[in-house]
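Each of the next two complexes has subunit A plus one more chain, namely subunit B in the first and subunit C in the second.
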Partner chain A sequence: MKRKNRNVAIIGSGMSRFSSHREEVNQPEMIHEAVVEALEDANLTLDDIDCVLHGNMELFEMVHQPDMWHVLGDGGWGKSGVRLTTGGTTGATLACAADNLVASGLHDVILAIGFEKLQEGHTTGGITNMADPLWGRSLQTGALTGLGAQKVIDEFGEERARIAAMKYRTIMDEHAMKNIKAHRRLRLERQYIKETADNSPPLAGELRMIHMCSQSDGACAVIFASEEKVKAFKANPAWVVDHETVHREETMIFGSQKSTQRAAAEKLFARAGIKNPRKEIDLFEMYDPSAWWGVDWLRDFLLLEGDEALKMIENDEITIEGAFPVNPSGGVVASNPIGATALVRVAEAAMQIRGTAGNHQVPKTVRRAMASGFGGTLWTVLMLLSKEKPE
Partner chain B sequence: MKDQSNHAFVIEGKMALPYQYFAGAVGSKFIVALRDEKKILGVRCEHCNKTWVPPRQTCEHCFAPLTDHWVEVQPAGVVTNFTVVRYAEPYQPQEPPYVLALIKLDGADSALTHLLDCGDIQNARIGMRVRAVFSDTPKDNILNIARFIPE
Partner chain C sequence: MSNEKKEQELIVSRQTLSIPQRFSTGPVMGRFLQELRDNKRIMANKCPKCGRHQLPPREVCALCNVEVTEWDELPPVGTVRDYDIIFYASPDPLSGETREVPYVECWVDLDGTQGDAPFWHLLNVDDISKVKRGLRVRVKFAEERHGTTEDIEGFEIIEGAES
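On to the complex of A and B.
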């Protein structure tokens, strides 16, 4: 079965600076930074854009219909527009929707924009609305959990698990230090891994502040174009091969059933004919809400068994120079403007293919890259990009 | 069918969602000028030949950055449209009935929404000339202009 009417590529991206302090700009002004950069990167003007996709978290800034407000900054005046809000996965859903809308032929060039200004709102207040008022809302505790850490500790022992999580965290910080847009650039040092964790405030169980993602303000804009437009623009493309979304809403049972990460990867790899993802994919931009989940999910996303994922961290395989770089951007533990976060993963994967990542460009040629989104009750969106145009 | 509504259980809820809003580079400059100098500022797009009040960081038509293109407009203008608010809600600025008007200030090409006090609400007319009355107490919002009254 032919899945796609025509090919779609990412031909430009832009990001605002990510920070917990963006008091100097309002929401459309911040979005404007990302849009201007994306248009410059693609060498286009607003006239070339058919449709603006807009997304962020519901209720986080207490703004109703932010897509209407943001037209001044996102350039949507007089164009088609769609607002999407699928929780933490919003940014990845924007990318999937852009791919679908262009592949279908409805639009030729789409500007997808994810944003969040977490400093203006109350994250837990917004998230608590997710729980059912009858069964869960009065029990809801917010977005932090120590279960991810406990799962890794139970399986691999406290000593090895703790070191792996902090090694992962430190590698992400080394990457963030190279990324001028990253929010938390902490200059963590490998020889002080244990002290850094011990001195970090505990949040829930073994999850400490240092392991957890930041609360950032920021916006990301990505331009998607049809095959014909890629040619007409003489663009530098990163092609969208495929994407898969896996939801599981009713329960959050850890460990006892297949994770949404593994389920998404299995489906995506089967369609793409990928047998050995570690060899056949060059790079992964993973939505890692905490270092513990980064450690745990790497195994499922790459369909690994046992302690293979831990070894990848221990052997420095996931560094920028490593055999399988993970999050050369510094990942979500470094920057997390939630509605933008999953779109940043797609943008970063595309930048690595297009060779436009600057200081955090990996040294090897990236032919295939993968980007993931996370949200809700452990939902997963997984997207595969390639340097070569898909058949 | 038997009426089941007397068995239906309803949960009453209330959520507090505190927030801040950063007025931004353009909004902040506008409010500070209004509060400290009683000046009403707009931004001008030479390309579109339009002066936007309230000001905005980009021209909504051509997307040109306008952050450095400030102009002062007059604290008087013309009513381009209006509505009469006749019902009460907890967060309204004053007791109804009152008039909310769109006012195109002299020198501006877009209209500002504000309170229009023309005595009897029956006096409100499209096209009437009005002027701003500034508040005696400085505020960090658009109510630095207390209201508009007929010129």
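On to the complex of A and C.
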């Protein structure tokens, strides 16, 4: 069954600098940085944009209709607009919606914007309010949990699991060191993995500060265009092949249902005819809220069994130079402006296909790249991009 | 020099929001909270199709997409399936006050639970090194109850009852 009326491609992206404190700019000014960069990257002007998609997680800054205020920074006045807010997955949902709106024929060129200024609110307080208001707000501690770590430790033993999580974290930092936009660039050294973990404050169970994502200020803008417009603009495209969203029904109950990561990957790969994702996909930008979840989810996203994912980390397969690079950008553990974060994954995957990632461009040719989003509670969005135009 | 830029003070506007909220519970959570408050009873509801319990109860079984109308009382006793020791002092969103750490959250399979419905609450212990999976625990109800999560103080360990 044909799923799209017409092909859709990403033809430009931009990001603000990510940092714990962007107090020198207000929200519209910060968004403006990303929008200007995206328009320059696509070689377009605001006149070429016919719809602006806007999203973040309003629990953090508590601003009603920030899309109105932000028109000052995104040039959306007089254009069609949609605001989306699906928690941590917001950025990925923006990308899915842009794909849907262009594929349907409703819009030709869309500017999708995700942002967060976590400094302006309280991150863990905001996330804790995501718990069911009737039961559990007084129990939840935001996104901080040691259960992900415990799962990996139960299966692979304390020593191997701890080293794998810190190796993963260190590789992400090595990548972030190459990404000028990244927030946390810590210059971690592989020889001090154990000391780095031991000296980091514990947050929950085996989850320590060093494993956990940052709280960042930042914005991301991505331009999506129809095939006709890609031709007309003579653009450098990364085509959107397909996307999948998987929810769970409960709010914060950790049962034994199949992970949404694996469920999303199974559906997406079945439609795309992908049998061996590790070989058929060249690169993955994963929403990894912590190093422990990065280790655990890699297995589910690539439909691996046993310790295959651990070995990919142990054997340096996931580094920029590796056979299957994961998060050449440094990922979410390096930068996490939440409403932008999942859109950054899509933008980074597209940059790798378009060859515009600069210092953190992977050496191999990227023909197919995947980007994921994660959000409350335990949702997954997965998007597949390609260098070749889909049939 | 005329091209020298004078440093500008950037003013940060500090604000604190405090919003009293009132959430309707509906008849299903309403019954659960009423039983908790008035009778210290833990009521799960049970899907008529797949037979699984839901705790806290929910209006429908989302997996079977049918209305859930059957109720079972579950005993305030069970076994710890998972636990989380929290070291990060986050704010309680209900009071705004910073929580005392460390504290322990746990997911408990109450005796007789059908399907996947671990009950989520605090595990109150004097020594976190005692916490492990498989612990037998019982619910400690609060003296004063108002139909909220806090009607339960948390679970406490049943000494000498390993499972």
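Everything that follows uses one rule, which is that the second predicted complex is superposed on the first by the 385 of 391 C-alpha atoms of A that agree within 3 Å, B and C clash if a C-alpha of one lies under 4 Å from a C-alpha of the other, contacts with A are read in each partner's own complex, and residues count from 1 in each chain.
One rule holds in what follows: a residue touches a chain if its C-beta (ideal position, glycine included) is under 8 Å from a C-beta of that chain, and two chains touch if they have at least 3 such contacts.
Not measured: the values here are computed from a predicted model.
Q: One more residue to check, A:129. First (subunit B), second (subunit C), both or neither?
A: A:129 sits against subunit B and subunit C alike.
Q: Is A:257 touching the first partner subunit B, the second partner subunit C, both, or neither of them?
A: Second partner only.
Q: Quick check on the superposed pair: does A:46 touch subunit B, subunit C, both, or neither? Answer first, second, both or neither.
A: First partner only.
Q: After the superposition on A, what does A:144 contact: first (subunit B), second (subunit C), both or neither?
A: After superposition on chain A, A:144 lies in contact with subunit C alone.
Q: Answer with first, second, both or neither: which of subunit B and subunit C does A:62 touch in the superposed model?
A: Both: A:62 reaches subunit B and subunit C.
Q: Contact-wise, after the overlay, does A:202 reach subunit B, subunit C, both or neither (first, second, both, neither)?
A: second
Q: Touching A:323 in the superposition: subunit B (first), subunit C (second), both, neither?
A: Touch partners of A:323: none, neither subunit B nor subunit C.
Q: Check the residue A:303 against both partner chains and state whether it touches subunit B (first), subunit C (second), both, or neither.
A: Neither partner.
Q: Shared contact residues on subunit A, subunit B side and subunit C side combined as an intersection?
A: 23-24, 62, 122, 125, 128-129, 133-134, 137
Q: Any idea which subunit A residues touch subunit B in the complex?
A: Of all residues in subunit A, those touching subunit B are 22-29, 32, 46, 59, 61-62, 71-73, 75, 77, 117, 119-122, 125-126, 128-129, 133-134, 137.
Q: List the residues on subunit C that touch subunit A in their complex, please.
A: 10, 12, 17, 21, 23, 25, 29, 33, 56, 62-63, 82, 84-88, 90-94, 99, 105, 107, 116-118, 120-122, 148-150
Q: Report the residues of subunit B in contact with subunit A in the complex, numbered from low to high.
A: 11, 13, 15-27, 56-58, 60-61, 63, 65
Q: Touching subunit C in the complex: which residues of subunit A?
A: 23-24, 62, 122, 124-125, 128-129, 132-139, 141-142, 144-147, 150, 201-205, 249, 252-257
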